[in-house]
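What follows is a pair of complexes built around chain A, which joins chain B in one and chain C in the other.
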Partner chain A sequence: MSDWVDACAEDEIDAEDVIRFDHGERTFAIYRSPDDAYYCTDGLCTHEQVHLADGLVMDHIIECPKHNGQFDYRDGAPKRVPVCEALGTYPTKVENGRVLIRIG
Partner chain B sequence: MSGMVIVGAGECGTRAALTLRADGYDGPVTLVGAETGDPYERPPLSKPDPDASPRRVPVATAERLSELNIDFRPSRTADRIDRAARKVHFADGTALAFDKLLLATGARPRRLTDPDDGHATAFRDFEDAKRLFVAPARRVTLIGAGLIGLELAAALRVRGHDVTVLEASDRALGRSVLPDLAGRIVARHREAGVDLRFDAAVSSIEPDAVLLCDGTRVPSETTIVAIGVVPETALAEAAGLATEDGIAVDATLRTVDPDIYAAGDCAAAAHPLYGRRLRVETWRNAQDQGMAAARNMPGAYTPYARVPWFWSDQYDLGLQVAGLPDEGAVTATRDLGPGATIIFSLSPDGRLVAASGLGPGNAVARDVRLSEMLIERGARPDPAALADPGVGLKSLLRAAGT
Partner chain C sequence: MKDYTLTGESSRHAVESGLAAAEWYHSDIPRKEMKELMRRSDGPATRDTLLWLGLLVLFAGIGIALWPSWWSAPFWLAYGVLYGSSGDSRWHECGHGTAFKTPWKNDVVYQIASFMMIRNPVSWRWSHARHHTDTVIVGRDPEIGLMRPPVLRRVALNTVGLHDTWFSLKRMIYNASGRIHPEEATYIPESEWPKVIRVARVWTAIYAATIGLALWMGSILPLMVIGLPRLYGAWHHIMTGVLQHAGLAENVVDHRLNSRTVHMNPISRFIYWNMHYHVEHHMFPMVPYHKLPELHEKIKDDLPAPNPSIPQAYAELWPVLKRQFRNEEYYLRRELPPTARPYREDFHERALGIPAQ
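Right, the complex of A and B next:
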């Protein structure tokens, strides 16, 4: 059974950057790393529910645009206060120039 | 071993206690706060969700502090410091000995003395927020068009209150926000129906009105004085520690007494980048200085050098400022798309000293953050590149090196 969702084109995200992706009631952040790998996490920060797609990506770190909390977007691990709770992460794959995420 | 004593259980003091433990300090840590209940974040108090009560967002719960073996003592007011005996005495007659003491006493709202503001209230803690926001729609007057005054004006207006803002000077938001951006924020308030008046000198505050020096009577059921804060320096002063506008500390946040530190709103800290003391009244500064003090108290002695940064949300607008805009001589403006701009301030010798952004939601956040890193590195970016949205600030940061 496949629950892969087509999220965006590969080139919609710049290298070392992030975009927002909404699906149904849920919201996600999709990242392209400096070495062109794609990652997906929950969209909202675990601290104060600020959307991370407005935040800054540096290397493999996403920083909340409001409180400077940081996560490693590859595994969702918290990297800087005030965040202490990990972000949910979701598998991704690229097919025919499209980024797919599995959010089942 | 007496260990570490922290006076003040706001963002700064609590973060210091948590950092001591996170960094492996295993001696006694005592965190003493004047307020009741768990330590909480203040910024959400002035910007509650439109349809919800103000939230008390914990910095750490009492349970968590206890797990970390942090002795948390709320509802206790420090009375005096005995430097010779290395003890803090409390109003309830008890005392605590310390090896190192951190003063994270914060700041209190400045009050009006002439005229007397006994019929007005201040806005500082969770109880103030509950009183203000849980009441039905009514006429509210805010004295002062600074950040707190305007954030409260926006939050009250969207809840249907009639809001008047009285500002004594001829502009909003003082020196921390450039006039162009302050003007746009003022326009947004007026569009929302806030009655915002400049050059409004208050002659008296009545139970049901504010009277202005020109004879105008502004009916007001609730009047709030929001004219800034005064650092809590009394403990330090009485103990003979140097104070100016804040408790004077060096770049490692240490006072003239090597066993006593100060951090957050109450501290005027020597800043390596600016070559003078700065007292910064922001949430992030409270957090970061608390963490820095916690590293320095056991002996790290690392200078604290972060650039001041703050944000404010009013209606759909997000303001973010990194650096000190009033140190700028020339500016360059970058257009970030619909309604979003960043104004860069450069010193006479071309150093980037501030980035001030205003736009919908968090549209300016990323570029202001990158600007902050440029400022920290003392970068001298080409103003034309700063003004060109086609030039990524990350590329300027790489050019500036580390």
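Right, the complex of A and C next:
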């Protein structure tokens, strides 16, 4: 059984930006990098459960809108306190202009 | 008096009632505009920092050259404000990491300003994160400046830095002895504790060396440069800082109710690095200080009218504080313009006290 989920159209996300994607009870953040690659992480900051989709993407960094903690959204690694715990990350692919994420 | 400690009954109540780490009200701004507002640049903060550090060196240099004549006094007063008050705003902005685009520039200025204000750069980063999570939530916010009933003696002492500096020095020595205070342990992760202790030990050594130099010279001049300006220059950051939240609502989840924006003169704006846009800063802490005027213009129709000046803000605040001596539930309820989205009465009703008439 495939766990790939259709999340959005490619052009729904600007380059160097992020959108929120809710699926069932879960929430995710989907990123488009400056070089037009797509990435997906958990949607909430590991520090205080704030939606990262309201934050700022700078190159490959997402900054939380509440406390300015930072993650590398490619691997979820924490890059600036107050975040210490990594984000979960999920594979993505693009098919027929749609961004799919595997969240199994 | 209410329990403002972070480990008491108020703290438990805040967690149980859902006030802790709650979702807060935000004015609507289109994503594209918000991205532009949040975008970082080095230009304004580099200019302001060169000016700030240049003036510090200039005023200290003239003060030293004229020492011990009383002619040096005005230069020490100017140096003191740039040290003991601008240090506060630089600590704040660079702690958020928003002042500069380049991370190391934020970090360098943050370390300098933290030292000036005697605020452990590790502990206070976490304390301020909590202040933004739980702004003026009793039992959760470690940075509530004016509690109810107001402790004006503390504010008066702090205009010359005495209360906070005494506390900071005690805490610095406590941390330097290898210990983390139980209240600090509620908001600083254990993995960060060694850093807190290391900084406290380095600073203790610097202050000891400064005091040693003063004793060796038989003069307080070294302390006029390091340490004492935290006292004689503190008045401006207390004057502006009190206005951030004092007299307004506690235990609400809308910064329009618990924070105050006050228009100020250009010199105070430079010293305070635009934190007079305090509602805007709390609502959108990722917006750099130099973009706050632009943010204010975009959302002002959704906010209470700013106080037009510092004296007017104090004239509004003083009667509220006097009344809080008799009734600690009293607060100033800020009126919204007709264009604003209303307060969420349903959510606040339970937590709010008696509104001002």
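Criterion: the second predicted complex is superposed on the first by the 104 of 104 C-alpha atoms of A that agree within 3 Å, B and C clash if a C-alpha of one lies under 4 Å from a C-alpha of the other, contacts with A are read in each partner's own complex, and residues count from 1 in each chain.
The definition used in the following text is that a residue touches a chain if its C-beta (ideal position, glycine included) is under 8 Å from a C-beta of that chain, and two chains touch if they have at least 3 such contacts.
The model shown is predicted, which means the values in this text are computed figures rather than measured ones.
Contact with neither chain B nor chain C is seen for A:Val94 once the two complexes are overlaid on the shared chain. In the overlay built on the shared chain, the residue A:Val81 is in contact with chain B and with chain C. Of the two partner chains placed by the overlay, chain B and chain C both lie in contact with A:Pro65. Of the two partner chains placed by superposition, chain B and chain C are both touched by A:Gly55.
Residues 48, 54-56, 63, 65-68, 81-82 of chain A are contacted both by chain B in one complex and by chain C in the other. Contact residues on chain A toward chain C in their complex (touch as defined above): 17, 47-49, 54-56, 58, 63, 65-68, 80-82, 84.
For chain A in complex with chain B, the touching residues are 16, 48, 50-51, 54-56, 63, 65-68, 81-82.
Residues of chain B that touch chain A in their complex: 15, 18, 44, 57, 59, 283-284, 287, 291, 311, 361-363, 365-366, 369-370, 394. For chain C in complex with chain A, the touching residues are 21, 31, 34-35, 38-40, 96-98, 103, 125-126, 129, 132-133, 189, 191-192, 284-286.
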